[in-house]
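Below, subunit A partners subunit B and then partners subunit C, in two separate complexes.
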Partner chain A sequence: MPQASTISVLVVDDQLTMRALIRNALQQIGFKDIREAPDGEEALKNLLAKPANLVISDFNMPKMDGLALLRAVRSHPPIRQTAFVMLTGRADRELVQRAVQFGVNNYCVKPFTVQGLKEKIEQVFGQLT
Partner chain B sequence: MIGRDPHPDDASGPAVKVHVTQGESHVSSDPNVVMTTVLGSCIAACLRDPTTGIGGMNHFLLPDAGDRGKDGGDAVRYGAFAMELLINGLLKKGARRDRLEAKIFGGGKLFDGLSDVGASNAAFAERFLRDEGIPIVSSSTGGLSARRVEFWPASGRVRQRLVAVDNAPQDVRRSTPAPMPAVSSGDVDLF
Partner chain C sequence: MDELEAIKVTFFQECEELLADLEGGLLAMEEGAGDLETVNAVFRAVHSIKGGAGAFGLEPLVRFAHVFETLLDAVRAGSVPNTVELAAVLLRASDILADHVSAARGLGDVDMAASAAMAAELEQWTDPNATPTAPAPVAAPTVAEEPAPAPALIGADDDAMDGDDLGFVFVPQTITVEAQAADAELIPSNVWTVSIRPKSDLYRKANETALLLRELSRLGPIKATLDDSALPLLQNLDPEAAFITWSVRLETDQDETAIREVFEFVDGDCDLEITRGEGSVEASIAALTAPAEPVAAVEPIAPAPEPVEVAPPIAPPAAAPVAEVAPAVEAAKPAAAAPAAAAAAAAPKATPVEVPGPGQSVIRVDPERIDRLIDLVGELVINQAMLAQRVGEYGIAPSSNLAMGLDELEQLTREIQDSVMAIRAQPVKSVFQRMPRLVREVANMTGKQARLVMDGENTEVDKTVIERLSDPITHMLRNAIDHGLESPEERKAAGKNPEGVVRLAALHRSGRIVIEVSDDGKGINRERVFGIAVKKGLIAPDLQLTDEEIDNLIFLPGFSTAEKISDVSGRGVGMDVVKRSVQALGGRISISSRPGQGSTFTLSLPLTLAVLDGMVVDVAGETLVVPLAAIVESLRPKPEEVRPLGPVGSVLAVRDSFVPLIDVGLTLGYREESPHPTDGVVLLVEGEDGSRAALVADAIHGQRQVVIKSLEQNYQQVEGVAAATILGDGRVALILDVDATINLRRREGGAPRPPEPSLIAAE
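Now for the complex of A and B:
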């Protein structure tokens, strides 16, 4: 069983409040290595400079949205294996299907609970300790 | 709820009234649109890009919003989600985030009790907007009355009338939070 504390996470959301809430939820789950980016463009730069094991990304963001970030991650060989969870307020089946086409690992609709987010991450990594 | 009504202050045409109830948000740049709501302990945030005249209103009530710590708690997550829905709706219509300004209303204490849910809701809204760098250009929160609020998104004009608790609609006097959408209920699970 993987330890949450050994998994590095990049949280991508244009709202500072939402980033803080996601960070808090991740800390409650047991994650310790958590970084943040305010949009897809910054996130991509961040990942290329220092890869992460998991990206948790909003969909609606300025400059580069979550779907564009997902595509960019999957097209850069050094980071293409990064686990990617889309976290968004849009329960849009078409969006989910596009995200699946581009290789998203899981999808979680806001507003999330800590347990709900944990379950989504565990579906990717297995049960976390 | 949307209805058409002649409006005495608007010569350009009949006002289109959009009533925003708890849990809803609405966005428009139509100069004939007036968004209305009635608030007890609930908060309505009216956000607007003054350059484009795109504006919107939400209406939410968080249970014990201040009781679960700064960034924890489902209530705070729900509040952030309610604000995000409105902001995303504005950006989708063409508003710019760096130009947004806010007017907030509500958060009254309509009945005696130990907790002041209205105050904690108002505190949440103020803190959210401050953290997100969205200036509050006017506000009317707290107090012992209900509020009837009208917001013209294109001009930014707001009209507020205080309503004595006894004259407020029943659902405003006994405000309970709309159920928070559960993670599983709105989920599109393909895995």
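Now for the complex of A and C:
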């Protein structure tokens, strides 16, 4: 059972508000090492400079969207094993299917609760302590 | 909970920026410049507002944003054509969205009926065949939005919440942290990509690439790839030119300097690029952000890295974590987004809504910290002045090291003061960006067609001034549309474009900020203005006035030219109020007009309210500062110019008018008995309402810039005194409130009220 506090997370969203909310939820779950990036491009640079265990990314962002980020992560060997959870709206079914093809680990439909997010992460890492 | 409240504050700040983005994008669309990128940016803005609002349970906002977003999504998908008419509707919708945001913030109400009507209109656009849903029952004409319950959901997207699966089978891909770690360990510690493109000079100097590669191989195992794609056909080949590029993958424990040393002797003769890892990040990004290829073409993700591919080491955290959210300071992207939006609003023809580069990071600082800094610098300025005065008193030669060092200190102090002021300076666009909506609304209300052109939104001015710019600008714009522009029919008859142009511009001129509001309307009807002024008893009928003077009659209290009372520039407020509020800030306002071609209001304000240009005077042994903006002139009265009026009062003849004489010392209670005005100096001042007075002082010391210290904060309010300051010699001096002084005197009846026209409630 992995400890949430040992897992490093990168939160990617162009919205400051959403990043703050997700960070807040992650802290409630027990995560300590949380970083943020405002778009896919910054996220990729960030990951290449310092890998993370988990990426939680929005889809619709300027410059490089969540799908492009996922592809980029999977094609950079040092970070290709990074767990990737995509945040998506209900209407974006097709998007999730594409994300699956690109090797997304899990997805989380907005709106979600802290508990819901926790479950999504646990489905990837196993039960968190 | 507190943290969530803090996030909510962030959300509303972000909303402001998103609304500005939204409006900028929509204005671009209205100009017919709405490409897909713009539509997408517009969609994203509404989507983001909805997402955040959902998280905080702001129901009415979410509902309206949802309808709005649905239509934008359809436009994005191309199922609803992107037309100019649509953009006009969307602009009105964005106004209502802004109202919802304000209401959710507790700063106003939403006209729920208008909101419901707009929602229905948006739905019609989304699906013209759909019967409009019955508008929500309107409980009250205006309803403030309910405060949100504690947020439970993050990033609400739809009202419905029934499970989180999207109706297909998906098995979450499990992964363990250990696996990631093990994977990371497989990666060799140091891989470099060295790209070498020799120039012809390299060969001309008898260097040889093979030797360079051999040197490189001494650092570690290499794998060189030759790129001959630039090599031309033999018939086109210039034998003396260089065409070949090597890409070398090098594994070494040495650092970049060691690699560069290999190329020491060919420096400048070849293009050299050394990057960590396999190829550059930028190249990957470029490749990956290229138009998406069909999904089918993407190969499945390999479970483990292929042995050939090697990767950069897990670098130490050299790059700073992006956007650590700290309470006060925070690397912010949205702030940088605003200029782009404003630029788009100003020049709607610039097609895409720009996105700021990652390098443009902005620091957000708690304004209180800056205010504190400005206070401290103010103290520094005072201290420095005191030191200089002391040195002067001790008779130290100006050429001495001490005096020269002090001069340098003065220079530095002044630079620090300017720099600190610059920190608090903000572009006027925060005020300007609210104006397009105002123009739309006023134009609709008055049945005129108006287009707003803005210029110089990035002109910076102190935040204390910014906050007070909004009212005068609003007034001037209203006035320009309501009184300046003709109706579309009149314009057509005059051979003009039925759509009038109102221009709002900001610029710096001689240490002040100048705001200009001009229109291309009919200009001021001088005959009528003069007639009205006479009719209302504001001026004598036989008065000879220049054109400019007639134009400026509209600033007289009680003047209004509107023949019918409109609820636009009206509201019982005339241009005199604007003038008064501008003067209160140490500003000036004037108008110039050309018949048939339009009018221009020019407003000039000091760049800051933290310092003040003042005249230092002596009154009954006390030192006072009189704001320079209020002073018309200073004079030494001759005995024959002073005429007694009533038992105690007297007036001063200034050219052909009489001005009440006010002894400041008496008014402020410094002395019981006034000296004769001819023994002192008289400052002719003009109050905010245009009334003049002659202030009697004992002596004038000269003009000085002083740092304003609030009396209310440090002591208490004193009538007749605006604030205080500290002079170079360390003494506290009071800054005179010219208007209060004039009024104080009037109330006490010490001097008769100047012959004032009886004010007619004109509006």
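As a convention for this text, the second predicted complex is superposed on the first by the 127 of 129 C-alpha atoms of A that agree within 3 Å, B and C clash if a C-alpha of one lies under 4 Å from a C-alpha of the other, contacts with A are read in each partner's own complex, and residues count from 1 in each chain.
Definition applied: a contact is a pair of C-beta atoms (placed from the backbone, for glycine too) under 8 Å apart; a residue touches a chain by one contact, two chains touch by 3 or more.
Bear in mind that the values here come from a model prediction, so they are computed numbers and not experimental data.
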- request: Could you look at A:78 and tell me whether it touches subunit B, subunit C, both or neither (first, second, both, neither)?
  value: second
- request: Look at A:107 in the shared chain and tell me whether it touches subunit B only, subunit C only, both, or neither; answer first, second, both or neither.
  value: both
Query: Is A:118 touching the first partner subunit B, the second partner subunit C, both, or neither of them?
result: neither
Message: Under the stated touch criterion, name the partner, subunit B or subunit C, that contacts more residues in subunit A.
response: C
Query: Touch check for A:50: first (subunit B), second (subunit C), both, or neither?
result: second
Task: Would you sort A:41 into first (subunit B), second (subunit C), both or neither based on which partner it touches?
output: second
- request: With the two complexes superposed on chain A, say which partner A:28 touches: subunit B (first), subunit C (second), both, or neither.
  value: first
- request: Could you tell me if A:18 is touching subunit B, subunit C, both of them or neither one (first, second, both, neither)?
  value: both
- request: Name the residues of subunit A shared by its contacts with subunit B and its contacts with subunit C.
  value: 14-18, 20-21, 23-25, 60, 62, 89, 91-93, 96-97, 100, 105-113, 116-117, 123
Message: For the complex, give me every residue of subunit A touching subunit C.
response: 2, 6-7, 14-25, 35-38, 41-46, 48-51, 53, 60, 62-64, 67-68, 71-72, 74-78, 80-83, 87-93, 96-98, 100-114, 116-117, 120, 123-126
- request: Show which residues of subunit A lie in contact with subunit B when the two form their complex.
  value: 14-18, 20-21, 23-25, 28, 60, 62, 89, 91-93, 96-97, 100, 105-113, 115-117, 123
Query: Where on subunit B is subunit A touching in the complex?
result: 70-72, 74, 76-78, 80-81, 83-85, 87-88, 91-92, 97, 128, 131-132, 180-184, 186-191
- line: Residue set of subunit C touching subunit A in the complex reads 3-4, 6-7, 10-11, 14, 41, 44, 47-48, 51-52, 54-55, 73, 151-158, 160-161, 164-168, 170, 172-177, 179-180, 183-184, 187, 277-278, 281, 284-285, 288-289, 292, 295, 298, 300-301, 305-306, 309-319, 321-325, 332-334, 355, 358
